[in-house]
Structure formats: structure tokens, C-alpha cells
Amino acid sequence: MLRFFHQLASPKYFYNLSGRLIPWIAVACVGFLLVGLYDGLVDAPTDYQQGDSYRIIFIHVPAAWMSLFIYMVMAGAGAIGLIWHMKLAEVMVVSCAPIGAAFTFLALVTGSIWGKPMWGTWWVWDARLTSELILLFLYLGIMALNNAVEDKRTAARATSILAIVGVVNIPIIHYSVEWWNTLHQGPTVTKFDAPSIDTQMLIPLLVMAVAFKLYFVLSLLMRARVEVLQRERNTQWVRELAEQQT
Amino acid sequence: MSSSSPAAALDAENLTCIRDDRTLFSGLSFRVESGQALVVSGRNGSGKTTLLRTLSGMRMPDEGAIRWCGDDIYRLGSDYNASTAYVGHRDGNKLDLTPLENLAFVRSLGDPHPDLQPAQALATVDLAGFEDVATRNLSAGQQRRLALARLLITRAPLWILDEPFTSLDTHGIAIVEELAHNHLVNGGMLVVTSHHMVNLDSSAVIHLNLSA
Amino acid sequence: MSTAPLSHAFLILFKRDLTLAYRKRAEIVNPLLFFVLVTAMFPLGIGADPAQLRDIGPGIIWVAALLAALLSLETIFRSDFEDGSLEQLLLCPHPLSILMLAKVAAHWVTTGLPLLLVAPLLAVLLDLPEEARSTLLITLALGTPVLSLVGTIGVALTVGLRRGGMILSLLVLPLYVPVLIFAASAVTTAGAGLPVSAHLFLLTALLALAVSLSPAATAAALRISLS
């Protein structure tokens, strides 16, 4: 097991392995996506209160799950990179941030689109939307820091620290925002969490969640491969690779 | 730890440093023992400063290890820091403190030399009479000498000096060369980069050219 | 080895930074002026209806305090970085986290504590109710150290950067959200005559958490930035 990790940490091994994995993950991702979308948009019953407009949850909810999940992955990779000085973990941190930011943005946009028919306005300072907005700021801060530091390794390590600090803060932020929301409760009531969800709605939701996870892994691997090539461009194996290609 | 400890030695094993995707040096190994000086030369950008910062423990080598008396410096941690004195490109003086206050601060945070008081250290680098002037009002050469006076007030056996002669006149250079000479005679160690010829007893000097 | 004990190292650096601040005491006023000015902009921007000001006063004062803390924080390592004494701190034989705690403490005493002195004045300007004024001071006393401690991590991450200031606020402001929420709502709640002990306990908990975790994070960040 330990040897496997050691091998995996070698950029060349990672590059070759991920190259073989990517097509399979891509196929699985598209498969789950098609099934989930069909189930969610066509098969699932219409909601008795919200009509068809609720169907955006099949995008919104998995995206919101992903936004937090990716942050955890990023902070975990950051801790591994800092503790064991594993270069590949640093690459993962840097590659996670834009994907996480994209999912967070998607969750915000779909939340706001969903809110329009319910609340009559594009934006309401609902606790979950607000938390999601702050999460987006955290992601953007991480990306800004990574861009600002010139040396790539230093940048990745600084970013890792920030991600870990952020992960300690996320529960506190989340809790404080919920608390703030109950204090300043406006005329609207959040409808995001239905008390019970129909199985016919739950299954497509879970299928979509798997599809999003697969998409995350896919794009993470692709980003990480590019990042690895950039970082290792002066090494023997990347040069040989480039010669083979031409 | 006294500066004449016979086992004291600095070992570099297979050091590699990469900065901004550029390999500055790789597979670098050397050993500096008590009474010896390592003089690092090389063109601009050849990694002299990076090497010294790596040896000081501020920057991790990308590969390889640095050992002090046989132990990895990252395991030793603050024990290693207490054994080293570093003067970098930047002097490290607080300009709004007086020279005496600057030295007193360094002394109280380090492993203080039992006999030498800050005022004596100032006299040694020919700054007697400037004890109570704000450091801001000293000339660049005087500020450099103040930075070098830091070396005297702790018992650190290993001095790491990055271009110590910068902005010093011939008189200042002579003072510093004498400090270095005495330090080596007393069993200390020295790692230094310099564009000047460093005037030290040649039997005690190890040369390392990073551009070679 | 005969290096000074820990508490000693903390005090030495704390005293040095206070001495330095005292020698540049004219600069102590700057964050204060900023705090007052930003607060004074709000009535000019939204109108001087006393009832409205009273409603949003706690939020205004706290947002202004947040910005003042952030702006003054930017300088915590600047001169040490420029004159090279920061790398000397890194290399001195003491745990860097203790030294960082000393630096933050000295910085808070010279920039955060003065905010408490002018806060009553701002409370009068915005017509905060009598009961809210003491709560405002308590929240500032508990909250601004958290801002300093958390913000210093961000400063340590951006210390060598040319345009560090802008990025610093991007990194740090989202992390300030809990303090802002608990502190401002404590003042509002106190103004309504309700008990605020829950808010204050939460702020105290944040402070305890920040004191115990953030110096280590700052030290780690600084080692990375200066490597």
C-alpha cells in the first residue's frame, strides 16, 4: 500500500496512469449524466407545490454538495502536501480550486434561478445561498493567492495553508450565517429542504451526484496532468514525451 | 554548545535546489569542520544566496540533506538555529532602534556570549560612540558593521555570511576579515559568499564554485 | 545551550515592537482616523435619519472596524521584511509561533486597542442606545484580537508580494464573517434590551480558537513565504 502511494507520488507514474484512466472515467461520467438527466427532467413526477421548476435541484443540489466536497479534498491534499512534501498533492490543491469555484458558481446561479419563481427576485440573502457565496469568495482568494506567488511550489504550499485555514473556518462561517439568518429572518422562507423527498426524485438526485463526482475526478486529473507537465518540463521524461509526440 | 566542540561539523549531502523551474545546483556535497571556512563563488544567479539560505535552515533543499554534528538540521530545529548566525543581503537591523538596542535584542533571543557585552561588540566593529544614535542615521557601511557585530554577541559557532563586504570600505573589510580569522582560530566555522577575495589562511579554506 | 525561556522571548519581542511603535507614535493615529472617517461617510451616504442610523449603526461601526483592522494589519511584517529582521526572527532559536503571537499582541495593542477608545464617540455619532454602548466596547475588545490573529495568517502568506494589500483583503475578509456577524448582532441585540451573553460566549470561543491555532498557521505561512 505504502509503495503504491510512493509510486503514485512520482509525476511520471501519475501521468501514465491517469492517461489510461481518463477515457473510462469520461465514459462513466457521460453515462451517469444522461441517465440522471433523463430520470430527473423527464421521469421524475412533478412537484405538487412548485410544478416543474423544482427540477433544477437535480443540478443545484449536487453542485452545492460538490462545492463543499472539493474544498475538503483540496484541504486534505494541502495537508498531505505540507506534511509529506509530496509534489503531486501540491498539484492537486492547485488543480482543485478552479473546479471547486466553478461548482460553487453553478450552485449559486442555479439557486438564484430557482429562487426567481419562488421569491420573485433573483437574489435573497438566504442562509444557504449566503454560505455558498462566502465559499465562492474563499475559492477566489485561493486562486488569487496562487496566481500572485511567482514560484510555483511556494504558491502551491501557500495555497495549501490557506485551504487548511479555510476548512477550519467553514463550519464556523456556516454556523454563523445560519444564526444570522434566523435573526434577520425576512418575509421569505427557505424552501430548499423539503421535509421528505420522493424516492423517484431521490434516485436521479443521487445519480446526478455520482455524475458530478466523476466529472470532478475527470477534470481534476486533466488539470493535474497539464500542471505536472508544466512543472516537470525540464525533466528527462517530459522531454522524451515531447519528442515522441512530434 | 561551545564553539570549540571537536565533533562540530556541517555536512551537505547531495543538495539540489530548484527555483522557478530552474535547477540552480544539484548533487552538491561538502563538509565544513571546526576551524574551516567554505567560500562560495559563482556568477550572479548561480544560486549562492539560495545555497546560504538553505544552509541556514530558511529554505528546504529540494533534494538531499544538511547535517549538523551528524543530525539533520530540520530535526534539530531551534538547537541548530542557536548554533548559527546568519547575515544576509538585508542587514536585519531595526532602523528606529539604537545600535545598542539592536544588539541587546539579538543577544537576549539567542544563545548569549557570556563575556562579551553589546557595547564591547560595537567597539570591536569600530562603532564605539554610536551606541545611542538611531540606526537610521548611520551610513550604509556602519549599518553593515552593526549587522556583523551580531555575530559576536552569541556563541553560535557557525557563521553564514552572504556578501558580508557589501558597502564596506577597506577599513571595514579589514575589521571583518580579522573577525572571521579569529573566529576560525577559535574553532568556529564560516560559510561565506563574496565578490572580494576573502583574505583567510588558505589551509582553512574550502572553495566551492557554483558556476563550474 | 542557554537560550532564554519562552515567556521571556515573547516579552522581549513584545517590548521591542511596542518601543518601535512608540518611536513612530504619529502613525498610531492613522487607523483611528480611518475608523472615524469611514463611519462618518455612512450618514452622508444614506441620510441622517436618527432611527435608521440607530438600526444600522452596529453594522456600520463593525464594518468600519473590520476595514481599519485589515488596513493596519498590512503593515505588521512590512518593515521587518524590508530590513531583514523578519528572517532573523525565523532563524532565532525560539518557536516561531510564540514570536508571532508576540508580534500580533504588540500590533493589536497599538492598532486595535485604540479603536476601543474612539468607539464610544462613534456610538454617539450614530445615536446608539445607551445599553448598546458597553456591549459595543466588549465586542470590540473580544473581536478585534480575532481579526488581528486571523488576518496575520493572510499577511504572512502575502508578505513578499508586490501587490499584497489587495490580495490580502480577498483572502482575509471571508474569514472575518463570523466575527462580524456575532459582534454586530450582539450590539443590535443589546440595543433592543435583550441579553447578549450567548453572543459574547461565542466571540470568546472564537478568540480562544484563534489564539490557539492562528500563531502556528502564521508561522507555517511565514516559513513558506520566506523560503
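When the chains are written out, they are named A, B and C in that same order, and each has its own residue count from 1.
Definition applied: a residue touches a chain if its C-beta (ideal position, glycine included) is under 8 Å from a C-beta of that chain, and two chains touch if they have at least 3 such contacts.
Not measured: the values here are computed from a predicted model.
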A-B or B-C, whichever has more C-beta pairs in contact: B-C
Please identify the chain lying most centrally, where each chain is represented by the average of its Cα atoms. C
Measuring between Cα centroids, which chain is at the maximum distance from chain C? B
Could you grab the centroid distance between chain A and chain C? Build each centroid from C-alpha atoms only and quote it in angstrom. 32
Roughly how many whole angstrom separate the Cα centroids of chain A and chain B? 48
CA centroids of chain B and chain C: separation to the nearest Å works out as 36
Return the residues of chain B touching two or more other chains; collapse runs of consecutive numbers into ranges. 60
Where chain C touches two or more other chains, by residue: 227
Of all residues in chain A, the ones touching two or more other chains: none
Enumerate the contact residues on chain B facing chain A in the complex. 18-23, 60
Touching residues on chain B, where the partner in the complex is chain C: 1, 53, 56-60, 78-79, 81-82, 84, 86, 88-97, 101, 105-106, 108-112
The answer for chain A against chain C in the complex is residues 82, 134, 137-138, 140-141, 144-145, 148-149, 154, 157-158, 161-162, 164-166, 168-169, 172-173, 175-177, 179-180, 183
Provide the residue numbers of chain C that touch chain A in the complex, in ascending order. 150, 153-154, 157-158, 161, 163-164, 167, 170-171, 173-175, 177-178, 181-182, 185, 206, 209, 213, 217, 220-221, 224-225, 227
Complex contact set, residues of chain A against chain B: 85, 150-153, 231, 233-234
